[in-house]
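Think of it as A, B, C and D in the order they're written, each chain with its own count starting at 1.
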């Protein structure tokens, strides 16, 4: 049984991750992402999704906070309400590192992973707006660091 | 108490309808619909949503059936899996009447009702593809009858 | 189509009601109620469920409020968090009328309706504790008025 | 950021586990377990929960299968329907090892972990009945191996 017990955390994580996105919306979200990238240039689809993220952030306003710790807590409170995972923030040199895990992606209906891809510009737009609403207009934006992975590694900076 | 008891069915229906759409996706779906209609001509947004519906239908294929009753049952089985409400079909003169109730719309996050509006071309595309997959290519399509209401009244015909 | 449209509100209400209780717990809750009433005298099972209700109320404490309207609002806020339906309160002559609708009962797994029956003493215990926590210890209690129905009609009084 | 990325799998597993049990039933299930163990001797409470498990298993009948692999698959299909986690079976010497992960326990409302404790006799009764329904009456039963842990390690044997 030792093997079964040792592999259990990975099995449980995969179990939860594959069921995390509400069944009610998986088919819609997967079809939406596929239709979007089939119809538009990749850059246009990404830009559209960033704007959806901006609008989501405006519909989910955060309180004004004083510290990065409070900002992380405010973001996690919103994510907990929606069940969209968790975030950690870390001050860098001239930027802020963002690690976002347990996004509702990775379900079987998303054949090809198009929604997984779409979630990146969506979250870029959303976090950019959340930071902008704290700090006022700037030239800073949130963008992916490296390749898309679970968790996502993003940064807010130039 | 008679008044409280008499109003109870309407109150329960409103209670359920407002909570039917999974909380996880309400903010996303509302932001998506708003961004879509803000960025595209109405006709283009509708056409895009019809194509999302077509792709949803292809990801939710129905078995080949022999009668309209069986088709209604097959559609309701898919809707029950997804929790997207219920449908009734009725043979008309040269067309098929479609009544679809309890769509996951009408939640508070959808200020302005843009997702409610978006759900019409989505379901038009979806039902058109479901009928086409049964009957082969044709010039028939599903379209809304009259104004958008709950339940939706659609027809499959010329 | 007129018939289909006329029957739609009843159909939607039945659709929602049958799916309201989370699928994750329906089999457990139905088996629990059946086992409980199979093993204990009815009065003992009811008394046990009233105590479960008391413990639920203590785990869901309401703020101290000044009016019956505020109490109704505080109760509805808890019910909304849990998705256990809605309540209306109405001052009577020496008692308070309670109408509770959209309880998570009435699902297909509850063959025989034993959970539906069990929900009455559960809610009696729960509301009794919620009133007692507002008003201090008393000899008043919440009990069903008439037969069990949807919505439930309860009263808080002697 | 390396630290944040390294801790992410554990963070995601904790995130999912804490939210796995439907919010609708957490308060009820926690109050039920607490009331049960407060009112009955531990042995009686365990016996009652085993019988609830037996009744759950009868309401969730498995098809007759020929191999342990097929039995594991049939059990996992039921657990997937209910979202009660996953199971692995392993033939032992005169017994069958059972590893069950991602049970809907471990939520914040279950202060004291009484529901977590209650889930053990519940699953013992449930698996015992599932095995008995395959193999006919016997003196074999499912029982916990060692201490309660996540995942649970059970065995079916003498």
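Just so it is clear, contacts are C-beta pairs under 8 Å (C-beta built on N, C-alpha and C of every residue); 3 or more make two chains touch, one makes a residue touch a chain.
In this text the structure is predicted, and so the values were computed from the model without any measurement.
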item	value
Proportion of interface numbers common to subunit C and subunit D (over half same, under half different)	same
Between subunit B and subunit C, centroid-to-centroid distance (C-alpha), Å	32
Between subunit C and subunit A, distance of the C-alpha-averaged centres to the nearest whole Å	38
Centroid distance [mean C-alpha coordinates] between subunit D and subunit C, Å	28
Residues of subunit D whose C-beta touches two or more other chains	83
Touching pairs - complete list by chain label	A-B, A-D, B-C, C-D
Footprint of subunit B on subunit C - complex, ascending	1, 4-5, 8-9, 11-13, 15-17, 19-20, 83, 85-86, 88, 90, 97, 99, 101-102, 145, 150-151, 153
Subunit A contact footprint on subunit B (complex, rising order)	21-25, 27-32, 34-35, 39, 48, 51-53, 55-56, 59-60, 81-84, 104, 109, 122
